[in-house]
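The first chain written gets the first letter, and so on, giving A, B, C, D, E and F; residue counts start at 1 in each chain.
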Amino acid sequence: MSNPVEEFNAYRSKMNDKLLSNNNKVVKRIFNLDTNAFAAGALDVKTKELLGLVASTVLRCDDCVKYHLESSYNSGVSKEEVMETLSIATLIGGTIVIPHLRKAYEYWEILENNEG
Amino acid sequence: MSNPVEEFNAYRSKMNDKLLSNNNKVVKRIFNLDTNAFAAGALDVKTKELLGLVASTVLRCDDCVKYHLESSYNSGVSKEEVMETLSIATLIGGTIVIPHLRKAYEYWEILENNEG
Amino acid sequence: MSNPVEEFNAYRSKMNDKLLSNNNKVVKRIFNLDTNAFAAGALDVKTKELLGLVASTVLRCDDCVKYHLESSYNSGVSKEEVMETLSIATLIGGTIVIPHLRKAYEYWEILENNEG
Amino acid sequence: MSNPVEEFNAYRSKMNDKLLSNNNKVVKRIFNLDTNAFAAGALDVKTKELLGLVASTVLRCDDCVKYHLESSYNSGVSKEEVMETLSIATLIGGTIVIPHLRKAYEYWEILENNEG
Amino acid sequence: MSNPVEEFNAYRSKMNDKLLSNNNKVVKRIFNLDTNAFAAGALDVKTKELLGLVASTVLRCDDCVKYHLESSYNSGVSKEEVMETLSIATLIGGTIVIPHLRKAYEYWEILENNEG
Amino acid sequence: MSNPVEEFNAYRSKMNDKLLSNNNKVVKRIFNLDTNAFAAGALDVKTKELLGLVASTVLRCDDCVKYHLESSYNSGVSKEEVMETLSIATLIGGTIVIPHLRKAYEYWEILENNEG
């Protein structure tokens, strides 16, 4: 039986495969860079995931938020750390961020419940 | 039987309750400020609601638009006033606002029909 | 039997009719201008459609992207030309454009399949 | 002797004249619409100017803010009304609006001082 | 004696050199991609430059607009083609684009005058 | 003798004082929240400053970037950490971020040179 996390990831994978099987070099390289930019460097993976999360939230990109919530969750970020990150996003980006905050909170709960 | 206005408000309330039951002080205070900012002052409530509506529309936040459409409706704003506000938003924000204009118009009609 | 292109166009037409039957002159004229701006001039229709597509994509307006994908398709733009346009949008607008790139690619495939 | 308000208006007029003397019909009509949209209708001029101000502020367009501050000033808006409008913009648009709030406040003071 | 085009390019080159001499692989690759994306492909260089111009304009990035105006100029785009591109940007992006339209028009005139 | 960091801070302080001496409660509280949100919590000050920096950069707010660069510098962030943060911002926000990246790099160098 499916759930929102699996559905999101299935659609994402299917469409990414199509985009990458296409011969557009610029798109391929941007996808590649994405993997590079979030690898451990001077900053650790967890910090970088939170940077990705806050940037996605202020830019109000729900799918980007979901993606970084899941990778944050998988790299061991706590709920409190996520909430502080999202609160900074809401302060900087304003109350128009709140609808995305609601969805982010809901998705984080699903990630925690999937665990069980 | 449910309708789009009730559904929107039910989800909004449920998630706001969760966000506020959480211990993040910054988020709580931003929610509080929201109530403050739209209270009568030098400008009356109706004018402030229209300010909230036009800002939400140019920022293309559908949920924020719905919220301000309902509170505009409840504070006695007329359809013509809403349309003038939305037309200013479309002119300032450009044709990318049009898809949000369609949804706003549809939601306003639902608000009027719920009345009956 | 309905499909995503027809559904999108039906909703769009229904709501545009309502908006235009309303007496707001500014909204009417903006709709009119839209027709004007994309007519052949110093630049041909195809180039203008691609300009509309890239602008809609960097502004992350899914409905605007759908609209310009269909009119690009109808004016004879090839898949490769669409992909180059979308890749420029993704580079300029960043990885937050990627979720919209997925939807655009999916919609283009539907447009091609509807043909059959 | 020049001041910031005169400088801004002189540059604005000079460039608008050039843009309008050019033969682009779409640009001309958009300029025309701008005059129309802010004329008295169901909403009075003062309210419309504040709608223009709040929209310009959340979109962080300093020149648009200056323009609407001056026309707000000329239509008799009080400092307190401007501050309430700008505070709603800052709440909705977030702390990234603050640098534009500083400039707006500074420009309003210049408008008041020019009066003397 | 310096002029706005030379000043802009000198600062741009100096800072790009510093950024690229730095060891950040992600930044280096994004700069590289930029060259790739605007090379001739299914679409010719001129069309791609106009795509870059319209995207930069709706995103209201003055420096990006200057950059694409110069490369458009160098690839033989006419003033009328630039104006149609900018008019589409203004329609899609709304009147908040107008201050950037003024600067773009001014910069284009400087590019033409530098020629002499 | 003045320098860019001092000039920026002097203007910022002067205008913030004026804004806060004004009686607008919403603006005052937003300024207060800003102090709160970046204090140590589940996340340390340094991480929060980088969150503020990346959010400011993708939203292309030069003054916000300067502010967070200085507080990052003062909380002991290294140049390499800043560059990784800015590279994530450029990837997520796209090449329109590059002009802001140039200014950020320049400002960071000034902060380092002021030290001497």
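Note that in this section a contact is a pair of C-beta atoms (placed from the backbone, for glycine too) under 8 Å apart; a residue touches a chain by one contact, two chains touch by 3 or more.
Everything numeric here is computed off the predicted structure, so don't read it as measured data.
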{"item": "Equivalent interface positions on chain C and chain E, same or different at half", "value": "same"}
{"item": "Chain of greatest Cα-centre distance to chain C", "value": "F"}
{"item": "Counterpart interface for B-C, drawn from C-D, B-F or D-F and sharing over half of its contact pairs", "value": "D-F"}
{"item": "Cα-centroid distance, chain E relative to chain F, in whole angstrom", "value": "27"}
{"item": "Mean-CA-position distance for chain E and chain A (Å)", "value": "31"}
{"item": "Averaged-CA centre spacing for the pair chain E and chain B, given as whole angstrom", "value": "37"}
{"item": "Rounded Å distance, chain A centre to chain F centre (Cα mean)", "value": "24"}
{"item": "Of all residues in chain F, the ones touching two or more other chains", "value": "26, 30, 33-34, 37, 55-56, 58-59, 64, 83-84, 87-88, 90-93, 95-96"}
{"item": "Contact set on chain D toward chain C in their complex", "value": "25-26, 29-30, 33, 36-37"}
{"item": "Touch list for chain E against partner chain D, complex", "value": "60, 83-84, 86-88, 90-91, 95-96, 98-99, 101-102, 105-106, 109"}
{"item": "Parts of chain D lying in touch with chain A, wherever the complex brings them together", "value": "58, 90-97"}
{"item": "Residues of chain E that touch chain F when the two form their complex", "value": "11-12, 15-16, 18-19, 22, 24, 26-27, 30-31, 34, 55-56, 59, 61-64"}
{"item": "Sites on chain D touched by chain B in the complex", "value": "30, 33-34, 37-38, 41-43, 47-48, 50-52, 54-56, 58-59, 64, 78, 80-81, 83-85, 87-89, 91-93"}
